[in-house]
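A, B, C and D are the chain letters, set down in written order, and residue numbers restart from 1 in every chain.
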């Protein structure tokens, strides 16, 4: 059980917690939090692989994570804007009740 | 498997489980912030200093507050009365467990389980800066564009429409 | 001799480390960290006590009254010129009953002062307080400073929301809006220094400012872009720590005490101390980035120990904040926001441009000319432009005249 | 130039700050217990009883006429008249108050008792440091605590005390003059009575002296 495997298991667990939350929780914001956790699990994987690679001066892992953080922040912003717009229209953030396609 | 790794892993997992299972939404958001901070500690332990501090700055500093504001704007402050989990929550948990099983199996049998620990990779901010400015300058411009577009999009979506 | 005093604390630390056994390999680094952190907390806690007295006496003297001068050694009439006051305040804070509102969210209410104090105390670790006297000399020190400083906003929200009090929620919302919108000029104003110094580590930035040409030291503040960035940094730092013209979150007249309204006793004292630690950190970083950290202003004053210069500059910054607090009235919320987004953000971007021009133009005269025009021109245009739209005249009351 | 208003403001506060260490006029604070603000003359707080000479009981001017007790709006004066008399400042025997209590927690310093007192016996004091730990007994001042010498009165209200002393002295002179005049008239009448019976005859029975004072 090398340190790399430890990190991989940790990020797998984190990913599955995020997945479980996204699938089971009712509230849209918690679904979004779950997605954030999944994204972060992926980032952790990148950094773990970068750290334990032979030529770590290639910096690909770190670059990927920096851009991934940027994209995730943008995605969180747009996601929350959507949730607020849906809340304003449907007066609820419960994912089950937001099921009619009529605008 | 040093002790510090175990402590940080425990912190991250506990915080993320709390973020997923707590009833009060604001508590979930705060637990998420703790999870982000734990992840930053994990990055620091992996000698990725720049990414660790960037993680704190972006996630703990901004995204956590963004989520907390969203919770307040959608009246999530009070604890919900009805059941927090959706009807068929068992299926969700089953799917998650299955995914974890396959991932754990893959990690166990992959080459990672016997990878020796290479030397301490010391990365200075100057190297990251050079890489960003030379090899990855195109993604940098694109992400700048993307962030602006996302910001404007988010503002337009969340803007109050004028009553016609 | 001067070298001895300059390195007195470093040698003291090495002497203390001598007592730590070296067998378990993790004990030595742990001991160094513990000593540094204890020293920092000790020094800055006492500086906090002195700063409160200086603030109250300074504000008093500005308003032609003496300020606290009563609390001295008990049962004698030695008044210690008021410097006994923080001891009295400390005891009062300890003794006062610590009320928690019944509707409050107990856990979050309890954690908020801690979550506020820890990040702001962490920011002190990266400041180079003297020649090789930096607690945490890391490569991306400046990024660490801003990253941990950003953690304070979450604590402000926790305090405001968990007190279940409308005023405190108002205060928290104002504070977060203000801190986030001033964080961008706060960070952007340092980008020019990073570009010129070529590093994110405060220690190397200070070393870049050690040389003197003639009488003038090579501090960044004596360059056009440096002065502009310095002023932006100070204004943003004042807003970041909710001080003086930007103290809307705890605007006593409107919303009583902002986000720490439901805190009394020692928790309130922690909030108070956290605010001061934020100011010390901002002052220390301003000194490090622009005023040459622990460098002496003139060549022949080098015999004064380097840490004395650092703390002199930091306390100078604190006194400047007190001086501003005694002078400038409080800003309205929309003025506050306009100032941040419409004035400070473009100015910060222009200072980066000015620093770039400073770096790439070889000839000294044209370098000064281009750089200063790149700073002064937008200052005037933005200033005039923002004021053009509104009629700044005598206030007309619609009803009560 | 933008921002020079802030610089001007800072200059003003800097002048105040440095001035407060230098010039007296920029630090007018009077640090209360050590330095004191000189009280204006007409300052009044609670009444006190004036006495002449040095023995407060004998020299007390109050004759327990109880006008002030009746006039006091909040009724905070309580007087019990004495049975025997004692000579007042003119030597005339007058009553004196056996007990004279003022409840200063009730008194509202309206000075009506001073205005109605015909004998200048009660005046207003300007002593304001009267805090006591006992809310009831401590604020009920009895005759002894109320008695203060005329010298103290002249010290705290010099002009008013001057007029009062002048008036009392004038009254005293007038009273003595009247007494002297009475004495002379009586003496003259007695002498006239003694002289009148001699020239007519010397009846044997001693005539009762016709006490006909002409006052």
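The rule we apply is simple: a contact is a pair of C-beta atoms (placed from the backbone, for glycine too) under 8 Å apart; a residue touches a chain by one contact, two chains touch by 3 or more.
Owing to the predicted nature of the structure, the values given are computational and were not obtained by experimental measurement.
*Asks:* Whose C-alpha centre lies nearest the centre of all protein C-alpha atoms?
*Replies:* The most central chain, going by mean C-alpha position, is C.
*Asks:* What are the two chains with the top count of C-beta contact pairs?
*Replies:* Max contact pairs: A-B.
*Asks:* From the mean C-alpha coordinate of subunit B to that of subunit D, what's the distance rounded to whole Å?
*Replies:* Whole-Å distance between the two chain centres: 86.
*Asks:* Could you grab the centroid distance between subunit A and subunit B? Build each centroid from C-alpha atoms only and quote it in angstrom.
*Replies:* From the centre of subunit A to the centre of subunit B is 6 Å.
*Asks:* Taking the mean of the C-alpha atoms as each chain's centre, how many Å separate subunit A from subunit C?
*Replies:* So the centroids are 34 Å from each other.
*Asks:* Could you state the distance in Å from the CA-based centre of subunit C to that of subunit D?
*Replies:* Their C-alpha centroids are separated by 65 Å.
*Asks:* Classify the inter-chain contact topology: is it line, ring, star, complete, or other?
*Replies:* line
*Asks:* So which chains end up touching which?
*Replies:* A-B, B-C, C-D
*Asks:* Applying the document's contact rule, which stretches of subunit C touch subunit B when the two form their complex?
*Replies:* Spelled out, the residues of subunit C in touch with subunit B are 105, 107-108, 138-140, 143-144, 146-148, 150-151, 153-154, 157-158, 161, 176, 180, 183, 198-200.
*Asks:* Can you check the complex and tell me which residues of subunit B touch subunit A?
*Replies:* 1-2, 5, 9, 12-13, 16-17, 19-21, 25, 28-29, 32, 35-36, 39, 42-43, 46-48, 50-51, 54-55, 58-59, 62-63, 66-67, 69-71, 73-76, 80, 83-87, 89, 91-93, 95-97, 99-100, 103-104, 107-108, 112-118, 121, 123, 127-128, 131-132, 135-136, 139, 143, 146-147, 150-151, 153-155, 157-158, 160
*Asks:* Where on subunit B is subunit C touching in the complex?
*Replies:* Within the complex, subunit B contacts subunit C at residues 24, 26-27, 30, 33, 37, 49-50, 53-54, 56-57, 60-62, 64-65, 68-69, 72, 77, 124-126.
*Asks:* Subunit C touches which residues of subunit D in the complex?
*Replies:* Where subunit D meets subunit C, its residues are 2-3, 6, 9-10, 12-14, 16-17, 19-21, 26-29, 31.
*Asks:* Can you check the complex and tell me which residues of subunit C touch subunit D?
*Replies:* Going through subunit C, the ones touching subunit D are 58, 61-66, 69, 323-324, 326-328, 379-380, 383-384.
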